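In the two complexes below, chain A is the common chain; its partner is chain B in one and chain C in the other.
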Partner chain A sequence: MKIVKALLAAGAILALTLLPTRAVTPDDTLVMASQIDDVITLDPAEVFEFSAAEMVGNSYERLIGYDLDDVSDIFGVVAESWEVSEDGKTLTFTVRQGKTFASGNELTAEDVVFSLQRALKLDLSPAFILTQFGFTADNVEEKIVQTGDYEFTFEMDQAYAPTFVLYCLTSTVASVVDKDLVLEHEVDGDLGHEWLKRNHAGSGPFAIRQWRPNEAVVMERNEHYEPEVPLARVIYQHVPESSTQRLMLEQGDIDIARDLGPEELQALEQLDGIKIQSGVKGGLYYLGLNQKNEYLSKPEVRQALKYLVDYDAIADTIMEGLAEVHQSFLPTGLLGSVEDTPFSLDVERAKELLAEAGLAEGFSITMDTRNTSDITGMGEAIQQTFAQAGIDLQLIPGDGAQTLTKYRAREHDIYIGRWGPDYQDPHTNADTFAANPDNSDDAAAKPLAWRNAWDIPELTKKTQSAILETNTEERARVYEGLQREVMDRGPFVIMFQEIEVMAMQDNVNNFIIGPSFDSNEFGEASKD
Partner chain B sequence: MSSVNSGYEGGGRTRALFSGLGAIGRVLSMVAITILGLLAVTFFISRVVPIDPVLAVVGDRAPPHVYERVREEMGLHLPVWQQFAIYVTNVLSGDLGTSVLTSRPVAQDIARYFPATLELATLGTLIGTVLGVPLGVLAAVRRGHFIDHLVRVVGLVGYSAPIFWLGLLGLLVFYANLGWVGGPGRLDISYEYMLTPVTGMVLVDAALTGDWAVFRNAISHIVLPASLLGYFSLAYISRMTRSFMLNELSQEYIITARVKGVSEQRIIWGHALRNALVPLITVIALSYAHLLEGSVLTETVFAWPGLGRYITNSLQNADMSAVLGGTLVIGVVFVAINILSDLLYRLFDPRTR
Partner chain C sequence: MTGTFERTQTLREWLTDNEPSSRTQARFGRAYLSWRSLSRNPLAMLGLIVVVGLILVAIFADQLATQSPFIGGDLRTERLQPPSAEHWLGTDSQARDIYSRLVHGSRLTLMIVVLVTVIAMPVGLLIGTVAGYAGGWLDSVLMRITDIFLAFPRLILALAFVAALGPGIENAIIAIAITAWPPYARIARAETLTIRNSDFIAAVRLQGASTPRIIARHIMPLCLPSVIVRVTLDMAGIILTAAGLGFLGLGAQPPMPEWGAMIASGRQYIIDYWWVATMPGIAIFVVSLGFNLLGDGLRDVLDPKAAR
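Our next item is the complex of A and B:
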């Protein structure tokens, strides 16, 4: 009996600790559950990860911005105006007056010039977006020069298409950092890099106050930002599991759940007080067909495989609102994007093409498949449709880093991947899908065309000439031509464009899901 | 790890002292060898897994010259044995390296994540032991009766149900439907910034500063994951207790005690359990160690920033300084728990003294 009593007592103690804790987030605080373990740095000169890019996008400003509903509409943010020189090689920017960093320091041309020079001198992963214009760590001090308190010049090595230059300046690497604040924390000439990895020195609507890796990122209103920011605080809480995110949203512990699967979204859609918001992003899902493989190097086989994917069924049943069919390498919204979808599941046509290639009996091949539910689901669906034409597709599941390592070494047969633009200009994708300057194993540049061993000297020239086309309409036509060529004979089965979907409390207003991963904006968001 | 001291008879104090020092020396050298071996195996495994560690730093888009520069900065161009030698030298000088995923020194990461795990696992083991041992004893005493079957079923479910699924189910019932407990995470957002970390264990820190609102909130968050881990170890501990008890209850000294008229309660709790405790300590220690390093799934479901998830995440991105640092801590914990159970052995078993 003593035991039973002891057990009862223990139970009672335990029960006492179970307190009702139905929480509501404060009115001036937006709490998001999100998978933020991809954040490895917060320095805009280094940031290239989805979550960190969004944080930088909302806490720093760039020279140029674009309309989130119509990417073709470019306007100045930190830049008030700009002029292009007669030879087309130099841009002179006038910096907008009256902008203030979160530190209280005024933003001037000195900060802008420092920021661009800093990104080039540090030469970290995203710096290539700026080196495309002929800048190097050594020449940048002569090429990007302050000419007044609110004026500076930007001298390139060639007369690049102005749209190309301006779109590159909308990317996070071109964010303006607070020179005085950053240099206060400089150690051994690192331009404040070690410090800025974990801190903030921007002029955007929010200031990043705290980053606790794998736990949370806390952002607070920049009191100097104009117009006034409605929310006092935005918190990203790291919640790796999507089912957990759903429960927390239902309970009111968070305002927005960021990483929900189709099932969770369907369930939440039915609930009162919760709304679903979505936006088309630039990410593309595609199959990369390695041209080192004897079967895949045949043009008929590449064509046949494009007829062996049930695009609509995958979009409707596996992705369920998280992707739409898209078959060209430029996502909808980018200059010159081709919207045609010439391929659909056509097993008979695929069989004819395979017969033309002398493979009427089919063949066996492998596909490296990342072990996330979306990619695995797609892989299994493709396996079934390939089998209808006699192709035995073996899926090799693997972790993200593992499959990517193999892909980058060109050791795959087929790789099922996802590619997002680095900036909002068409060159970002053309340069990877339709250019391969050197197909040798030790090539310096290794774009997607190289990873799939697609040797295309002519197409590479066309791609490289498109960035010098100053007439925007003509430029768009060049990209249309490139997309159709890749669609027709390229080693890429481009299938879907990604849609970002989030579920939120219906009192959250003005949260904007932009077209790129750094353009989800909450500077005007509020709760009522 | 156990070193039974029986090497001398009636010798002087000096001999005893030397023998004691020898035992400590033996233990220490074994600890050193164990940990070095552990590090070596982890290090070499990390170098043969087909994941490129540079990718975790520079991402997929970095130009080749940036990739090469970072590769050299990480020392990956050196021969593997040289990389290992550098690592061990650094560890010996107290430098565990920097995690590429968090941009923080690994030691600082561990100081943040280990207390979170320690808090959860300790509470889990406490729950498992406090409930598991009496249940196991009851099952043995009432062998074949209802309570015995019940314990067996409870144990079976704890053994076989995926902890991930049980966690989600627990959240659904106690957090979403009944609203009895706090949600995932260690504290409510509104309490997150009220606490200054001292030990890193929220419960302890809240108690130390006398902040009882935070303490209650922390309890409401930890109770579900800790009970889940507790249930998991309860399943194991109760089964083992039952079998140890059955073994003890069939011994002759029990019959002797009964013949002598000792009360049944005293026979069970005073004699049988006391003897069963010796092997049981090992079981509880192992279960504790397991919870300290193997709660990855629980930590994932409950968004608990613990060491298990840290190591797993680092491993998946080939962030080797972090993996090795974590392994080192787990290794030390295992050794410490082993030593502790050895000491407890001596306390409970006069034969080992």
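Our next item is the complex of A and C:
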């Protein structure tokens, strides 16, 4: 009898496991499958990566914020108000009262001043956003000064356009950290950097509880945040394969899949209980044409290549739902962005231009291509259209680090890549696409124009004067001119603006996909 | 009248003559017997048919392909189409005809196999026979080098070489060849050791033949059969390594229709558009199996110890 019972039990267990079951995540927990292998630090003074920027964006507050639907509308977050001095060089900020960190400490001007000074003293990759205003690790204590419990001054070396300054203060590097908590963990004067890399000291809607590299990040509700946060927990699960993400979403193991391809999204769209949400991002896909190359340095060739990309077909197929055609260096949403798309596939026109350049027979050239599916897909499509005008384009595949290293050393012919703005002011892109202060090999600043060896002293001056223009309309006009000039003769074939798409369960509400990578917000998200 | 008599002798009788009247006849006779025993093995014949088929497809690729393997159709309408009368095996993500790409890809596969063999087999044979015949310190040095190469998993070593040389089909071939020769050297050495002290070698040496001549004219030919068997059995491995490198983006560069690279690019569509990755997968499977079956059959025929 015992054996019979055991067999029955085994049979029952087997039958249960074979039944199709649909997992469900808890009601107060949001689980996302995402590629979070880019996270190397969680310290806001250092974070410059896509995934980490989003996590920091949801767990820290910044001085200034902007309306996610209309980037031009800026408002104070930690700052309640600000005043610009007569000479335009000093800003006096009033800090909002009643904010509390996740640790329970109160947020005061002391924390804000400490955070800004800390970012400049540590001087890590994103610090350049603040050093633009003439701050250095040595002078910052005299330039950013606390003047009251809830007031401090911010003194710059020139009278920069106020919008430019404020947009820079919306970036991750201007996140406010909990001074007392961070200094408790200071080791050898590192301002708590080692500790903060893996921990959290912010006042945002969520607190980062745990980060296990290449595995998961767990965030929990900040109980002190006002208004109350609906979700108790948000979990990022590292799932590198997009097909796995899709299966997990279909089975209910996760609530949101973050890295799906167009074909997978199409298939998921048909399913009940799953919805697709997308938002236009600031990232641009472009080709960089190295001016050290004898062919690419000819203006007619640069022009011809702009007519040899089938923008519409790629946006409709390979990048369907993931990109839209955009040909100026300022993405839609930024001040002064030029929206028209003068270039389309025109093989005849391209052939004429090549003939003018004396290259009617075509030529052979290489393109460094990152071996991700989107970049390779675009690369192969471009290869085919280039071939129609006799240009033999050879793709050199490599991983992201390989191709980027070669690009940064400007040893490429053509580079196909993606550029994301660092903050929401047009200067962020103008400074890289339309400025090259020093074209020598050992230049200090190495913007995209430098990487493509485009020597443009005139344009650089124009770009640098634009940040001092205080009249916003006049400033927008300057940027429009810069974009037209780059479009016309620049060594960049700007093709698409990125769209971020997520597939999520129907019951997820109020997840906001913002225009930049640190503005995907789930502070108000809920499940029902 | 004997001449007439011999002419009326059928070709078969001439080949199977127990007392061949010339070296040529003896050689042809051996070959004929080998062929007879090979053709009695149906699996080996299947392998042979696959391999011959691959060679024919590679030769007549231009005639067999229905469309260009490089230039796709309209991205909007002809992308990721299922198998149909127009596209026999469907189209891929760049709207290219998969059948035509497979047909042209056979050239790459064959080229990789042939070039690797041409590079690796002589190297392995030479090192093995020299080491085996010379013995002493030369043997030790050559065999320790061989050991070092054998100590690495093959794909990993090939990966390291490609990473150092840069991606591309030529470099992939060189990398695979570098990793392929050590087993041949081992086999050739083992064979050499068994025959180096035989009487006929001693006789040749007494007649004043030099060491290079002995190795080249008397030892190598005797090592050749077992090395050929091993190479044929290895060809499947070579194809798989090449496909593996292509899959990792280190072999053939786009738009080359290399089968491994085709699988890699179809991977992301595998759930909804199964044919993109499956078709080249089947091609690799069939060709690898063909080489393996042929290799097995050849071993039965050529290996003197296994025979009868």
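One rule holds for everything that comes next: the second predicted complex is superposed on the first by the 506 of 528 C-alpha atoms of A that agree within 3 Å, B and C clash if a C-alpha of one lies under 4 Å from a C-alpha of the other, contacts with A are read in each partner's own complex, and residues count from 1 in each chain.
Simple rule for what comes next: a residue touches a chain if its C-beta (ideal position, glycine included) is under 8 Å from a C-beta of that chain, and two chains touch if they have at least 3 such contacts.
Computed from a predicted structure; not experimentally measured.
J.: With chain A superposed, do chain B and chain C clash or fit?
T.: Overlaying the two complexes on chain A (C-alpha atoms) leaves chain C and chain B fitting together cleanly.
J.: Looking at chain A, which partner touches more of its residues: chain C or chain B?
T.: B
J.: Thinking of the overlay built on chain A, is A:Pro162 touched by chain B (first), by chain C (second), by both, or by neither?
T.: In the superposition, A:Pro162 contacts neither chain B nor chain C.
J.: Applying the touch criterion given at the start, work out whether A:Thr317 contacts chain B, chain C, both or neither, answering first, second, both or neither.
T.: Once the two structures are laid over each other on A, A:Thr317 reaches chain C alone.
J.: Of the two partner chains, chain B (first) and chain C (second), which one does A:Ala444 touch, if any: first, second, both, or neither?
T.: Only chain B is touched by A:Ala444; chain C is not.
J.: Check whether A:Gly279 is in contact with chain B, with chain C, with both or with neither, and answer first, second, both or neither.
T.: The answer is neither, since A:Gly279 touches no partner chain.
J.: On the A-aligned overlay, A:Ile396 touches which partner chain: chain B = first, chain C = second, or both, or neither?
T.: A:Ile396: touches chain C, not chain B.
J.: Identify the partner contact of A:Gly379: answer first if only chain B is touched, second if only chain C is, both if each is, neither if none is.
T.: Once the two structures are laid over each other on A, A:Gly379 reaches chain C alone.
J.: Tell me the contact category for A:Ser243 with respect to chain B and chain C: first, second, both or neither.
T.: Both: A:Ser243 reaches chain B and chain C.
J.: Contacts for A:Leu124 in the overlay, against chain B (first) and chain C (second): which applies, first, second, both or neither?
T.: first
J.: Mind checking the angle chain B, chain A, chain C on Cα centres after superposing, to the nearest 10 degrees?
T.: In the superposed model, the angle at chain A is 40 degrees.
J.: For the overlay built on chain A, what is the smallest gap between any CA atom of chain B and any CA atom of chain C, in Å?
T.: Minimum C-alpha separation, chain B to chain C, in the superposed model is 6 Å.
J.: Both chain B and chain C contact which residues of chain A?
T.: The overlap between the chain B and chain C interfaces on chain A comprises residues 243, 399.
J.: Across the complex, what residues on chain A touch chain C?
T.: These residues of chain A touch chain C: 242-243, 246, 261, 263-264, 266-267, 310, 313-314, 316-318, 369, 371, 373, 376-377, 379-381, 383-384, 387, 394-399.
J.: Spell out the part of chain C that touches chain A in their complex, as residue ranges.
T.: It comes out as residues 70-72, 74-76, 79-80, 93-94, 167, 249-250, 253-255, 265, 268-273.
J.: Quick check on the complex: what are the chain A residues that touch chain B?
T.: Touching chain B: residues 2-3, 6-7, 10, 14, 17-23, 25-26, 29, 31, 33, 37, 40-41, 48-49, 123-128, 131, 197-198, 212-216, 218, 235, 237-241, 243-244, 247-248, 250-251, 253, 399-402, 404-406, 408, 422, 444-446 of chain A.
J.: Inside the complex, what are the residues of chain B that reach chain A?
T.: 49-52, 55-66, 99-104, 109, 112-113, 127, 130-131, 134, 137-138, 168, 171-172, 174-176, 179-185, 188-190, 192-193, 216-217, 219-220, 223, 227, 265, 300-303, 305, 309-310, 313, 316-318
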